[in-house]
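Some structures to go through are shown next.
The two complexes that follow have chain A in common; it is paired with chain B in the first and with chain C in the second.
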Partner chain A sequence: MNQILILCIEDESEVRDALVRDLAPFRPVFRIEAAEDAADARTVLREAEAAGDRVGLILCDHLLPGQRGVDLLIELHREPATRATRKVLITGQAGLDDTIRAINQAGLQHYIAKPWQPADLHAIVRNQLTDYVMANEEELLPYVSTLDGPRLLEALAKK
Partner chain B sequence: MNARARNAPFAPARLLGLLVAILAFSIPWIIHFHDLSEAGHRVFAIFLMAVVLWVTEAIPLHATAALIILLNILLASNVALIPLPKEDAAPAYTMYFNSLANPVLMLFLGGFFLADGAAKYGLDKNLARVLLKPFGTRPDRIILGLMVIAAVFSMFMSNTATTATLMAVVLPVAARLPAGDKGKIALVLCIPFAANIGGMGTPVGTPPNAIALGALNKAGLHVSFIEWMMMVVPFMVVLLVFTWFVLTRLFPSKAASLSIDIQSTFDRSPQARLFYVVAGITILLWFTEPLHGVQSSIVGFLPVVVMLATRLISDKEFHSMQWSVLWLVAGGIALGDGVAKTGLDKWLIALADWENMAPGMIAGAMCITALLFSTIISNSATANLLVPIGVTLAASPDVAISPLATAIFVALGSSLAMALPISTPPNAIAYSTGAVQTKQMATAGAFVAIAGLPLFIWVAPWLWSLMGLVK
Partner chain C sequence: MPGSEHPVFTDGLHLPEPELEARMIRELDAFLGHPPRRRLEAGALLFGEDVELDSLWILLDGQVRLFRTIQGQEVVFHSQTVGRIVGLLAFASRNRSFFACRAVTPVTLLEIRFEDLSRALESNPALLGLFSAVLLRSMARRNRRLVELQTEVLSLNQTLAAERDQLARTLRELQQAQALLVESEKMATLGQIAAGVAHELNNPIAAIARAADFLGQDLQRLAGSMPGGDVFREHLARTLAQKPTSTREQREARAQLARETGDETLASRMVEIGLAHKAELEEVARQLAQRPEQALETLAGFHQVGAALRNIERCARRITDLVQSLRSYARADEPDPRETDLREGLDDTLNLLAHRLREVEVDRQYGDLPPVSIRGGELNQVWTNLIVNALDAMKNRGRLVVRTEALPSGHMAVHIIDSGPGIPPEHKARIFDLQFTTRQGRVEFGLGLGLAISRNIVTRLGGTLTVESSPGCTDFCVTLPRTPPVRPVPQETTP
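After this line comes the complex of A and B, so read on.
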């Protein structure tokens, strides 16, 4: 079945595992993939596209080996397949300049400072995915129990 | 499945549905039936195809409706591509096109305008909160309050919009209940069930009612808005109370009280005030038809004109109305026209020996068939298929039941189906919350159906004749 993908890009394996673990409440409905750098992320995105999955949310670290997180997000924002994807920077070390570039050029929707609180992360991811689903999906009902149900139902009532 | 795959026109399941539809369509071209005219054969082919397409949803429901109109014109009208034999009645092709402007659709359009206005100016949510206040905080009282509100709203708004609006209010309340509290299930089920039942209450409550009214008008029976309500609302109320009883007993809550957000802030802008006035006048005129004699479909056009002229409904909102619902109803009317005008109806009815059956049994069978069909397929499609047959059946001299009762039975029977998540969109919404399982929905839904059927089949005809509404 085609699903909406959540992509986590983080080079430190412990942090990456913690992030994926904290996203568990979204797992039954969304597919969660992790990548360790920009090149790895590209591979995951290619596979997702081939499988017909769409990318709903990217949670991206900034200080990655090779291409930096903000530069990757800017590139992805220019590509049709990931234009609508909600983009969140999850980092401790992005400077003001990089963050401004991410907002202006990558359509950055949120900035999460490390270390995160699981409850905050849930709220942010829920909110971002609800926005994504409301803007891009025809069927809203499959997401009511996992995302922001009242908001989805109000959108449904207005249809 | 993603949106693209779901909307792909030629997914395997769709192709299969189309194939079966074509097979069904070709039966009357291959097999010749005695006593059935050539025109009747052609409409029979269209009818069989419609059954398959509406059951499988191989193409969208409203697309099937449009196809019915086109095929009726191309095959069974005075402009048929292969002309009909001289002795056959060849209805004017305009009759089929006219189904798209049937007075019942204008009535329904009026309902859309009121419902969209209510949502736009927040009247629905604010009214819900005001009306919920007197019911207090005990879980079973709150559930009763929610059910009354859902039923009243869905008498004028679509059942789906009613459910979605109220469920958005209820979800946070249900989420605060401790895990394992059965009250959650009652909270989540009470809204769609009450909306399904409330939809029965007025001619604009749900499309099957419009389909029944349309067929009755064609048969020369005019039912006013208030007459419909007098016939149906008593049963609606009994069913609501019964459903409340079942839900609160099957799924009692351990909580002593529930807190629900009942802060209301009515929109006091000039536009909102104008809308309140227009809605009030429209509903008042609908209720008082016997006093002024202006038909409900004409009254229904009043909010359309006023709200468009004053831009209470913007161009954009006008464009995004649920036109597909109107087309679906129109398809049903066109199908009924074809069936009635070509003699197919009489032929179908002659297939069974009705004289030896009790009238109550026939009416009951219609109601049960509608219930079974609409448990699986769309309520409107069910009514589209069954109402024409039911009305003809009732009109034939061999059968001693009233067409009025039969048409209303089919409409009510199709609204009574609420056993599965797929039975109605409101049920699908309840299921999507994850708070209720199919088994629980099926148990509660079966109770409602089992209580509703005898109520309609035995009590309704008696009460209606007592009120002098049905001979």
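After this line comes the complex of A and C, so read on.
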């Protein structure tokens, strides 16, 4: 079955573990993938495309080895396959200049400062994915229990 | 007749001055019929400047001075050079005085109205000659005096200009000294705060590290008391000791397992808890006497706890190392010099700058060094400045060489070498100047106060800080003596 992906890009394994585990509530419906740098993220995206999966949300750290998070998000925003993907920066160290660039050029939807609170993370991810499925999916019913149910039901009623 | 007038002039000029003046006074006095003398007290004004006069005065005794008032001040032009005749310029220029005249000592004067003088000179050719000669000498003397005055003004101006330059230099030095003071005060405060925070962090981080360890032990015991305990204990131990695997390796393992089991969800769960083969799961299920899916869930619970504990321990260790580096970097609690291995300070600095070194290849070329006697942390500011400059120059990407060596002279050398674009030749001469920064000027390659401060610290310890730079290789070199000078070397103000 084709699935919607949440991609976490974070180079520190302990932080990555925590982030992935904190996303457990979205697990039943979404596939969660982790990558440790930009090149690795590219591999995941290629494999997802080949398998026919969509990328609904990217949670990206800024200070990555190799390419910076913001630069990766800007590139991905220009590519058709990831244009609609919701993009969130999750970092402790992006400066103002980089953040402004991310908003203006990468369509950055949210900025999460480390250390994050799980409740905030859940709310942001739920909100972003709800936006994504409403804009991109035909079938909304499978997401009602995991995402923002009332908003999805309202959208369904209007159809 | 011209022949009879000419010799009169030359006659007078050939006489010695006292005699010339005495004869002139005698002739005038006789012509005027010995009028009463005028006497002035010292300090009394004879006439003001730029006023109408109808007399001139022959100074018989005492001294006067001629002055003009310039910007509220009496500026004396003549005192020794007045001569015998006072009111000369008024006589020459339609009765208006140019200078004012004041008695310096009590004076005795012979007053002669201009019209009387004219009559006397007309009627007495000898007097005309004498008067002309006195006049000429007087004017010559005053003229020489003016040249002297001009010369004095010139040399005064030169002195003033030199003093002004000196003042400007002193002001600049003062500003530099102040900037240094402010900076070192700021650093001292920051150092104290860093040391304080590091100290405060020690307790909680020790408690966290210990608590994680206790939890691991307790969990092992608890697991052991459960049915199938050995399986859990073994799995826990493995999880706790597990090295981080890359996301790439995890995906490969998952793909492999998915092919083996034909179930992607199962493969994904197995890889997450560190099972690489289907046979491992079957063995665990057999030992627990559970179905494989059930065994996987039970094991996953232990795995999650174990992985969380492992991450806590690993991160606590990282914080402990950072705190340790911060403490030894700041060393605010060490006022006295002690034998120090320079390489420790370099390592502390590199540890604290780790966040900027991710994409930098750090090559520590540490040669043997004898310990050096310095106050702890004193040089860390220098290492930080030099390394941060190197990272700025390289834009946090490239190769950083930190080399130490003992020199044959008994000095020690520390090189900080970066692979950045190099210092432009036009900047090279100025990089140790206090004012020079390319950061504010939006020039990419920035230095600021750091190098001036670093050089100051190194110089105080009796060492040197020099740089050699070409594109791709900028080498800052610090040399230090084994023992710093007892009395501090005076601070440098110009490189």
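In this section, the second predicted complex is superposed on the first by the 159 of 159 C-alpha atoms of A that agree within 3 Å, B and C clash if a C-alpha of one lies under 4 Å from a C-alpha of the other, contacts with A are read in each partner's own complex, and residues count from 1 in each chain.
Convention: a residue touches a chain if its C-beta (ideal position, glycine included) is under 8 Å from a C-beta of that chain, and two chains touch if they have at least 3 such contacts.
For clarity, every value in this text was computed on a predicted model and none was experimentally measured.
**Student:** So, on chain A, is it clash or fit between chain B and chain C?
**Tutor:** With chain A as the common anchor, chain B and chain C both fit in the superposed model.
**Student:** Could you look at A:Gly107 and tell me whether it touches chain B, chain C, both or neither (first, second, both, neither)?
**Tutor:** neither
**Student:** Examine A:Arg54 and indicate which partner it touches, taking first as chain B and second as chain C; both and neither are also allowed.
**Tutor:** A:Arg54 contacts chain B only, not chain C.
**Student:** Which of the two, chain B or chain C, is in touch with more residues of chain A?
**Tutor:** For chain A, the partner with the higher number of touched residues is B.
**Student:** Which partner chains sit in contact with A:Ala34 here, chain B, chain C, both or neither? Use first/second/both/neither.
**Tutor:** A:Ala34: touches chain C, not chain B.
**Student:** Could you work out the angle between chain B and chain C as seen from chain A, using CA centres and rounding to the nearest 10 degrees?
**Tutor:** 150
**Student:** For A:Glu138, select first, second, both or neither according to whether it touches chain B, chain C, the two together, or no partner.
**Tutor:** Only chain B; A:Glu138 stays clear of chain C.
**Student:** May I ask you to decide whether A:Leu63 touches chain B, chain C, both, or neither, giving the answer as first, second, both or neither?
**Tutor:** Second partner only.
**Student:** On the A-aligned overlay, A:Leu153 touches which partner chain: chain B = first, chain C = second, or both, or neither?
**Tutor:** A:Leu153 sits against chain B, while chain C stays out of touch.
**Student:** Applying the document's definition of touch, where does A:Ala18 land relative to chain B and chain C: first, second, both, or neither?
**Tutor:** Once the two structures are laid over each other on A, A:Ala18 reaches chain C alone.
**Student:** After superposing the two complexes on chain A, what is the shortest C-alpha distance between chain B and chain C, in Å?
**Tutor:** Across the overlay, chain B reaches chain C at a minimum of 15 Å between C-alpha atoms.
**Student:** Using the superposition on chain A as set up above, list the residues of chain A that contact both chain B and chain C.
**Tutor:** Residues common to the chain A contacts of chain C and of chain B do not exist here, since the sets are disjoint.
**Student:** Any idea which chain C residues touch chain A in the complex?
**Tutor:** 244-248, 250-251, 304, 307-308, 311, 314-315, 355, 358-359
**Student:** Would you tell me which residues of chain B are touching chain A in their complex?
**Tutor:** So the residues of chain B in touch with chain A come to 1-7, 119, 160-161, 164-165, 167-169, 171-172, 320, 428-429, 432-435.
**Student:** Provide the residue numbers of chain A that touch chain B in the complex, in ascending order.
**Tutor:** Answer in residue numbers: 1-3, 52-54, 136-139, 141-142, 144-145, 149-151, 153-154, 156-159.
**Student:** Given the complex with chain C, which residues does chain A contribute to the contact?
**Tutor:** Listed in rising order, the residues of chain A that touch chain C are 13-14, 16-18, 21, 34-36, 40, 43-44, 47, 63, 65-66, 93.
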